[in-house]
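As written, the chain order gives the labels A, B, C and D, with residue 1 at the start of each chain.
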Amino acid sequence: MLRLDYHPAGRHFLQIPGPSPVPDCILRAMSYPTIDHRGPEFAELGLKVIDGIKQIFKTQHPVVIYPASGTGAWEAALVNTLSPGDTVLMYETGHFATLWKKMAENLGLNPEFIGLPGIEGWRRGVQADQIEARLRQDSGHTIKAVCVVHNETSTGVTSDIASVRKAMDAAGHPALLLVDTISGLASADYRHDEWGVDVTVSGSQKGLMLPPGISFNALSPKALEASKTARLPRAFWGWDEIVEMNKTGYWPYTPSTNLLYGLSEALDMILGEGLDNVFIRHNRLAEACRIAVRAWGLEIQCADPAVYSPVLTGVMTPEGIDADQLRKTIYERFDMSLGTGLGKMKGRMYRIGHLGDCNDLTLMATLTGCEMGMQIAGMKLAGSGVSAAMDYLVSQRVPFNR
Amino acid sequence: MLRLDYHPAGRHFLQIPGPSPVPDCILRAMSYPTIDHRGPEFAELGLKVIDGIKQIFKTQHPVVIYPASGTGAWEAALVNTLSPGDTVLMYETGHFATLWKKMAENLGLNPEFIGLPGIEGWRRGVQADQIEARLRQDSGHTIKAVCVVHNETSTGVTSDIASVRKAMDAAGHPALLLVDTISGLASADYRHDEWGVDVTVSGSQKGLMLPPGISFNALSPKALEASKTARLPRAFWGWDEIVEMNKTGYWPYTPSTNLLYGLSEALDMILGEGLDNVFIRHNRLAEACRIAVRAWGLEIQCADPAVYSPVLTGVMTPEGIDADQLRKTIYERFDMSLGTGLGKMKGRMYRIGHLGDCNDLTLMATLTGCEMGMQIAGMKLAGSGVSAAMDYLVSQRVPFNR
Amino acid sequence: MLRLDYHPAGRHFLQIPGPSPVPDCILRAMSYPTIDHRGPEFAELGLKVIDGIKQIFKTQHPVVIYPASGTGAWEAALVNTLSPGDTVLMYETGHFATLWKKMAENLGLNPEFIGLPGIEGWRRGVQADQIEARLRQDSGHTIKAVCVVHNETSTGVTSDIASVRKAMDAAGHPALLLVDTISGLASADYRHDEWGVDVTVSGSQKGLMLPPGISFNALSPKALEASKTARLPRAFWGWDEIVEMNKTGYWPYTPSTNLLYGLSEALDMILGEGLDNVFIRHNRLAEACRIAVRAWGLEIQCADPAVYSPVLTGVMTPEGIDADQLRKTIYERFDMSLGTGLGKMKGRMYRIGHLGDCNDLTLMATLTGCEMGMQIAGMKLAGSGVSAAMDYLVSQRVPFNR
Amino acid sequence: MLRLDYHPAGRHFLQIPGPSPVPDCILRAMSYPTIDHRGPEFAELGLKVIDGIKQIFKTQHPVVIYPASGTGAWEAALVNTLSPGDTVLMYETGHFATLWKKMAENLGLNPEFIGLPGIEGWRRGVQADQIEARLRQDSGHTIKAVCVVHNETSTGVTSDIASVRKAMDAAGHPALLLVDTISGLASADYRHDEWGVDVTVSGSQKGLMLPPGISFNALSPKALEASKTARLPRAFWGWDEIVEMNKTGYWPYTPSTNLLYGLSEALDMILGEGLDNVFIRHNRLAEACRIAVRAWGLEIQCADPAVYSPVLTGVMTPEGIDADQLRKTIYERFDMSLGTGLGKMKGRMYRIGHLGDCNDLTLMATLTGCEMGMQIAGMKLAGSGVSAAMDYLVSQRVPFNR
């Protein structure tokens, strides 16, 4: 019989860039008894999470919570705002940007995919000037939306969304701005309203520290307006009924009650720590991780320090080292999961997640596992990344967040 | 601060027709740590639940498990098999059949909605002869699918799916047969393959005893074939990639890991008890409930004993009694949730759920709550439904299922 | 392999007079991670539960919390206050009073056991005049303590502790008053200080709704004074070090951390509902139960209405009916546990627990299980206890305790 | 309001020598609903844990499980085997040996406390020749028991119990051998029968990975025989009734049901991994820890490599460094708890726990926390203990225990 509950001695280290480790208190919250989603108690829960999630997105406008995992929220952003055959400008930042583009094609849209050549495009974020240039050419406003990934989970590179907004404004182009921050939300600074984003897409299993299963669309008034005329067929994903019923704390169809319990707990944790403190912590851990990678003499996948991800770090392995074989070694020897190289980066990198419910010692455990694993795999390291990271953390003088 | 975890003394009785009470062991299973859905452990889980759920649907063919609640699975059934403007024959059995029809419209289909007149249609299941007659007229095969609800959650009436299949065969019509058994699965006898169903839609929060959040499409080879030419846009709901990757126990995008833990536990419980025993138990409890309703001198919403639902019983309230006010009284006095009258039945009935993790004494508690609540509400009852139900249960001589 | 987590469909009804059903939120609280009982967080927990439990005992004086089950707290009360060979006056109210007396003998004390003759003593509480008379005879003050059980778990009879205090005062006797309210605390009114009790003994698994495993000694200044000269050997049970360290929220040795988490939650629940409301609820449920027993035409074990227990009701079975066989039938048919007849009452009664996390519908479920079980066992009942209990509850007009 | 469930971002590292971190699956097992400890299900649980725990102690004879924490099991060992005024030979190995001696005095025994002078006695285990010499002098057999601590939690020094047995045999002395392995059981090799121990005392919150709250006495036939004539008063701790009732899987009084659920799970984990594998893992982690301490240039409290503890390592801090201030720094900066120096070692050492549910990366996290904390505290370290420990672990080539 399958023993799901079996685990070997000691904790598994789940250091992939999501799902991130779910804190015990969230798992406990998820085990509250399921209640009637039409009953009086539910409205309290509904109103609380709807209000709280807006604070995380930094928006005054509606945020739709879907009882579906993140890929669904990608689809929702497209089908609510666009019509069959619409041209959308999408920017290639990595594997997930590529998958989103493929989804747009499947839905009958006409994505135009721009970016930097080769893997160079996977090592730097969005180049807003390319977007601006393309939009200036589009005097007929054929392009209906610009789609950008804020935090590329496949590379550890973020994109400067404010610069994209500026580029669109500079070009005087009316396209909608759709942003995926599935893996960035609640780990990396994000400002839906201030940055003028029309639809922000996110998920539960990253910075929100929940299991996968619910996802989000944060809206702008312009996006809501666009949804009135958009002609892609939609029902489950339709914003209007949800936004309307959410005013009373309910959903038009059955929401994912127990994941909403978890979300309520996650909001208490994050807003209790303070979003700014959460970002500071992520930045400190990410910096410690990059210091380790440099000390090892390895290359960080992200080639532009201005857009390092606070969520994960992509580590490029030298010629002759199969990164997936290395990950397997580390898994088997140290019970730690690391992220694989995806798409163009298959076998050439591994990804270290340092997001969500992570602290200094968990990161150090992770780095020791990587360092030992690389030694076992016979890699020659320039020096001890662990020592370098410890030096950095010692210098920081930050108490843990009580 | 919202205290989600607060509950007054004693257990809440959640006797709505879903979400049904989630057993402790399923809640515990859902609190296992979230694992990497690309790691080696996950495949074991994936293969187990994919195999197990087939046994519940009684099918040899693929069952797609969506990380989305039941309404999504309705949409999936339509968008995978149909093209814009397609005519679908839908049968009005109640509120949920009506909502499914509305969804078909929203997705750009052309539903033809047939049924019995007035509320009569909500008190009897599908009339297969009406379907046969309509299909015989459709010599050009404009109708691409027949859509039927197996267990109408809004009424407590089931439909004879085998008779629909026979009607379609008798008419020699090639339309697909799409069936919603969201609230019937694992409570009422259901046979996907034997009954020749092409797509069966179901959800987690009813007979499977899970919280809401995952849902199902059981497929036939004919449905899979149809999906190759169906032209409604789709991505998230697309069967092909999921069916392909499921062969190794994985999903193309992030599944709802912790609900799959719960599903694994639910399958152990249900297959451990034995599906036939589960059905016998549901039938016994439903019969006890109906005996009580009759003893009270009230009318059962389902007017045809051949299609009584084993999942829930709709109780019609006499003129002058607002069923929702009665439900409120019972909730406030006895901490019990009952189902409301939906759509055409608003205020004229209440629904008693007796599905899932229910046993004799829980049902008796429920009936005492109803009987006392009706007395408090000033209703004159013909007799004690509680006494009548006890007499029936005493006569049954069935040990509980150890 | 033993599957502890296995349960058949539906909830087990644990209607014994303790352990009482543990609410989910207490089980969840018990699953918080174990912390360092010498660390800074622990003191907060320690101080909270020490303060809260005093409110339950209604005392201003120290309450010692032992990491041991209730029998240990009996021993603690004796060894902290008495010396080898000391005479103690104990009153026979039932099986547990008898066990306590046996324990006193084992510890080298000289218990004098008084009471009413035959099973009559098991059907009425303490007769304070007997105690007064005996103490008046003891002019030499040989008797060092009077030991009384406040709520006899074996019978469903309480004892009037205030009357015992008055009797002792009237006799002008300096003996200590030791009271066992293991099964009464937090279900039946209890006033340690007001009633002049010197040591009150209690446990966790009854009105406090916790699993078994911790227990209590509430002290008076006189008891603390007596402990300085008492010569029975003691170490683990010794009050002095615990009382001293408790001032800072710690214990001299390892406390039962996770049960203290549960206690913290239980205190929030009980003090949140309000002790008086808890007592009112227990009295209402107990009265409903007794009304049912009378309607069945059966005898309540407690023969004096002034001392009916709000915790449990002892139901005497007629000649020719083996109460344990009946309990077995009910267990096997309805998955409900009832209490057995103990000692002198073996086979002649069963006990219905209606304490702790119980509400109207749970009690009604219990009564239907009893009534159906007795019918299956072939007992002729005078009438329906279930109907009578419903009539009573309907008349009460009390909302459940939100 | 006290928020017990609050925890800052990331896991707390509980690296004290007990309570050790409780695995999630044990916490989950402890949340199974409390059952009737007199009902049929309970016997299965009782028999399972009674049988399993014998395998852990490596004994064929009874093991008594008390619903009380470890200090109680110390008392039980003494009161079941000894009579007032009996002389017992106790050996000073550290703080806990000293506390046990104090308990013996409190219980009216006459302990004779031998050992090495000064703190030298706290840095080496039992010197069996001293015991042999003392027993040889005792030709009148005044000494009724020899009491030794197997794993001194206060120092990280074990004692060679087999050598004590040999010494007693060599002296031809009939005293009982009582051994405390509260913190050693299931982490360090232990053989109750083979080593001829008469009573072994242990607890739950160390190698068994449970919360505190239950404890153990493993018995020999000779100990059982001695209990028949031992005259210290006892009731709660009395072996005879427990041993007798345990034959059917029950206890004479209420056991700690939910901790027994946890014990059942712990036994599955430990016996599933294999006791020998558990010991190998503990030894590997302990060796890695000692290598780190030496690399730092610090002294290990245990001065005899033959008796290093696999459970914890005592680290002596240099002159001028207050070890408790250092522990506070580490707690506040890195959310890690370390053990304090006790008794004679107050402020002069800290203790690193590496027992129970621990693995390579958790140990490495711990060592990085220590190393960084010592740097922050301004200590000059000879080198990096972290690097040295990594080198050792890399060389071990042991997969984690799936």
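We take it that contacts are C-beta pairs under 8 Å (C-beta built on N, C-alpha and C of every residue); 3 or more make two chains touch, one makes a residue touch a chain.
Just so it is clear, the model here is predicted, and its values are computed rather than measured.
The most distant chain from subunit B is D, comparing centres defined as mean Cα coordinates.
Counting the residue numbers used at the interface between subunit A and subunit D, over half appear in both copies, so the two copies meet with largely the same residues.
The rotation that brings the Cα trace of subunit C onto that of subunit D spans 180°, given to the nearest 5. With centres set at the average Cα position, the gap from subunit A to subunit B is 35 Å. Between subunit B and subunit C the centroid-to-centroid distance comes to 45 Å (mean Cα coordinates, whole Å). Residues of subunit C in contact with at least two other chains: 5, 7, 24, 28, 31-33. Looking at the complex, you find that subunit D touches subunit B at residues 24, 28, 31-33. Those residues of subunit C whose C-beta lies close enough to touch subunit D in the complex are 1-2, 4-5, 7, 12, 14, 16, 19, 21-22, 27-40, 44-45, 48, 66-72, 74-75, 79, 84, 103, 106-108, 203, 205, 211-214, 232-236, 238, 253-259, 261, 264, 268, 331, 337, 340. On subunit B, the positions that touch subunit C within their shared complex are 5-11, 13, 23-25, 28, 269, 272-273, 278, 281, 332-336, 357-362, 364-366, 368-369, 371-372, 375-376, 384, 386-387, 390, 393-394, 397-402.
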